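Shared chain: chain A. Partners: chain B in the first complex, chain C in the second.
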Partner chain A sequence: MRYMLLVKTPPSAWEGWEGPVDGFERTIEFMGKLNAELTETGELIDAAGLADPTVGTTVRKRDDRVVIIDGPSPDGADVIGGYWVLDCDSFDRASEIAARVVAFDGVNSPDVIEVRPIMDANSGQEM
Partner chain B sequence: MKYMLMVHSALSDFETRDTDPAEMQETFDFMMKLNTELQESGELLDAAGLADPRHAVTVRRRGGSAVATDGPFAEAKEVLGGYWVLDVASKERAMEIASDIVENCGAHGPDSIEVREAMS
Partner chain C sequence: MHIDQGVEDLLRDLAPQVLGALVRKFGHFDAAEDAVQEALLAAATQWPEEGVPENPKGWLIRVGYRRMTDQLRSEQSRREREDALAARAPRDAFLTPPPDATGGSDDTLILLFLCCHPSLTASSQIALTLRAVGGLTTEEIAKAFLVPDSTMGQRISRAKQRIASSGVPFRMPPAEERDERLDAVLHVLYLIFNEGYTATSGAALDRVELSSEAIRLTRVVHQLLPNDTEVAGLLALMLLINARREARTGPDGELIPLAEQDRGLWDQQAIAEGAKLVEDAMSRGDLGPYQLQAAIAALHDEAASHDETDWRQILALYGVLAQVSDNPMVTLNRAVAAAMVHGPEAGLRLLEQLDEDSRVVKHHRLAAVRAHLYEMAGDTEAAIEHYRQAARRTTSVPEQRYLEGKAARL
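Now for the complex of A and B:
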């Protein structure tokens, strides 16, 4: 089964970002090691960090017209900072991987991860 | 360039979801056609719909260890409903695809898509 691990990040995390800070290489090393492991077990489908939400754009349908809005959600709610798409045997296994990531207390390392099952492409329940 | 198209759904959508089979089919057909096209152009890396957020688990760090709670992130009014991961030539191309989806995907398609660059 496929699962998505969503990293929840406050929009303020990107403010004043001028490149890696001290200790960030430990986080990179942890992530690199984890992803290499998940590649070896065949569980890793895709993973990435997302760029600053203020350079993102939202495309929205309003009264049957497409409206383009720059930047993150206006209510200041947490945004997605990165993700993993995994193929795991169980929800418990996906949660275990998420727990490993949040338990690692590194610089710019995720504090909160949401674990969500992904719908089967053949179930006919897409979107 | 790698871009992620994120479908934002209101949490309430999952509770009151009306599933008229004909309308669902219209949206489903549009998605299939689009994904086939993106596959042929070599732009589609991955795409999926996420299951009901009420089946989510949120794991957070508390006092140095990971604590799991049931349900999506508590403060969220909107949740991720689905996504596309694309390899496109430009941000404009990613925006074009997002616009096509919100404009043409039918009654059960997404109303709102966030376009974000992904770092590899």
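Now for the complex of A and C:
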């Protein structure tokens, strides 16, 4: 079963970002090791960090018109900072991986990860 | 390349035996696999033109053996240990295996035990079994499980490394472990079957059909262990479930429940074979969960309609099954059978015990069965609520469509 691990961050976390600060290399190293391990176990399908939300746009419908605004949604909701797509044997296993990331105490490392099963479009059991 | 179907079948039967022979001889699982692939490739190109050799297995082992000694020799010379190799691998040992050698089929079984070794995760066991015993390519397995080739390749090579590093010898597990290890093999075969059977769409054109592959492998195990009643039971179960394959989905991949399936589409030949298998197995008196599930599937398959199904017998069998396996899914199915025999309230009462069971309390199937039983009882409101809850909980798009459709039509 496939799972998506979504790194959630408040928009404020991105403000005042001035590039890598001391100790960030430890976080990079941790992520690199983790991803190497998940590659080796054959669980990693994809993983990436996302660019600063101010670099992106938010596309939404307003009064039946499509409008595009710069940056994240202005309502101040959490933004996605990065993600993993994993193929794991169980939900518990996917959660365990997320827990390891959150437990890691490093500069700019994720504090909140949402674990969500990915819908399977091509199979189902008869009822 | 077009290979004659007969040759292809022959190669697939022989591949695990050849691999087994090489692993037994040299140990190196990884290198042995490469050697087998090369031998199979040579056979696939030469046999259609030159004809199948008199002793095809001996031919393949010979080619694989040569490839392997070449490879090991170059490695060894790099390590300057040629003497050790020469001493370990007497040249004539595998050059002319007698045609009636019995080791081959046992090798297939040993290989299965190895691929389903308890030190591997379920997904690794599955991948390695399909690769080493089923002879599928990494690309085929990746496609069947809808993961990138590189992900599947990693999974397989890691599994091989694990086996190599665990130092498990290439021989039958000791007698006291046999039952447990065989259970693991059967479980892996069942998972492979299920993965294929639950596929609702799927470009059958370019995806290996996993349920047929699982049936083929289980047939091999059944031939090797004809007296094992659970192996027979699992083969029967697969045949009896797979017989309904054509009827279980509609033209757009939508799920059709058992009660509404066109029974004219069921494969009568598979039903007859499965029913006979499970009947023979059960008459020997050593009951197990696969036989019981197969017996239940046979009762469904042999009924002229949903209402004419022998629900009493099915309920009794679920009762026995509940005693031999502690699985909440059994309780779910038992509740449906109880509802058919004693009415929906009896089924709903049985489900109450699952509200305390963390394995299933949030599972969509519990909500779905409850919805179904409320529908039977005429409590439309509760039925709609539970169908919607089940729809929200499932992670399968076809299931979600089915459950939402049920809620909408009530």
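Methods note: the second predicted complex is superposed on the first by the 119 of 127 C-alpha atoms of A that agree within 3 Å, B and C clash if a C-alpha of one lies under 4 Å from a C-alpha of the other, contacts with A are read in each partner's own complex, and residues count from 1 in each chain.
Operating definition for what follows: a contact is a pair of C-beta atoms (placed from the backbone, for glycine too) under 8 Å apart; a residue touches a chain by one contact, two chains touch by 3 or more.
Computed from a prediction, not measured in an experiment: that's the story for all the values here.
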| item | value |
| --- | --- |
| Contacts of A:40 with chain B and chain C, given as first, second, both or neither | second |
| First (chain B), second (chain C), both or neither touched by A:89 | second |
| Touching partner for A:7 - first (chain B), second (chain C), both, neither | neither |
| Contacts of A:51 with chain B and chain C, given as first, second, both or neither | first |
| Touched partner set for A:60, first chain B, second chain C, both or neither | first |
| Chain A residues touched by each partner, larger count belonging to chain B or chain C | B |
| Partner chain(s) touched by A:31 [first = chain B, second = chain C, both, neither] | neither |
| Shared chain A contacts, counted only where both chain B and chain C touch the same residue | 45, 117-119, 121, 124-127 |
| Parts of chain A lying in touch with chain C, wherever the complex brings them together | 1, 39-45, 87, 89, 117-127 |
| Touch list for chain A against partner chain B, complex | 2, 4, 6, 8, 45-46, 48-51, 53, 55-61, 66, 68, 73, 75, 77-78, 80, 83, 85, 91, 95, 98-100, 102-103, 105, 111-119, 121, 124-127 |
| For the chain B and chain A complex, residues of the former touching the latter | 2, 4, 6-8, 27-28, 31, 45-46, 48-51, 53, 55-61, 64-66, 68, 72-73, 75-78, 80-83, 85, 91, 95, 98-99, 102-103, 105, 108-120 |
| Of chain C, residues touching chain A in the complex | 121-124, 127, 145-148, 151-156, 158, 195, 198-202, 248, 253, 255-258, 365, 368, 372, 394-400, 402-403 |
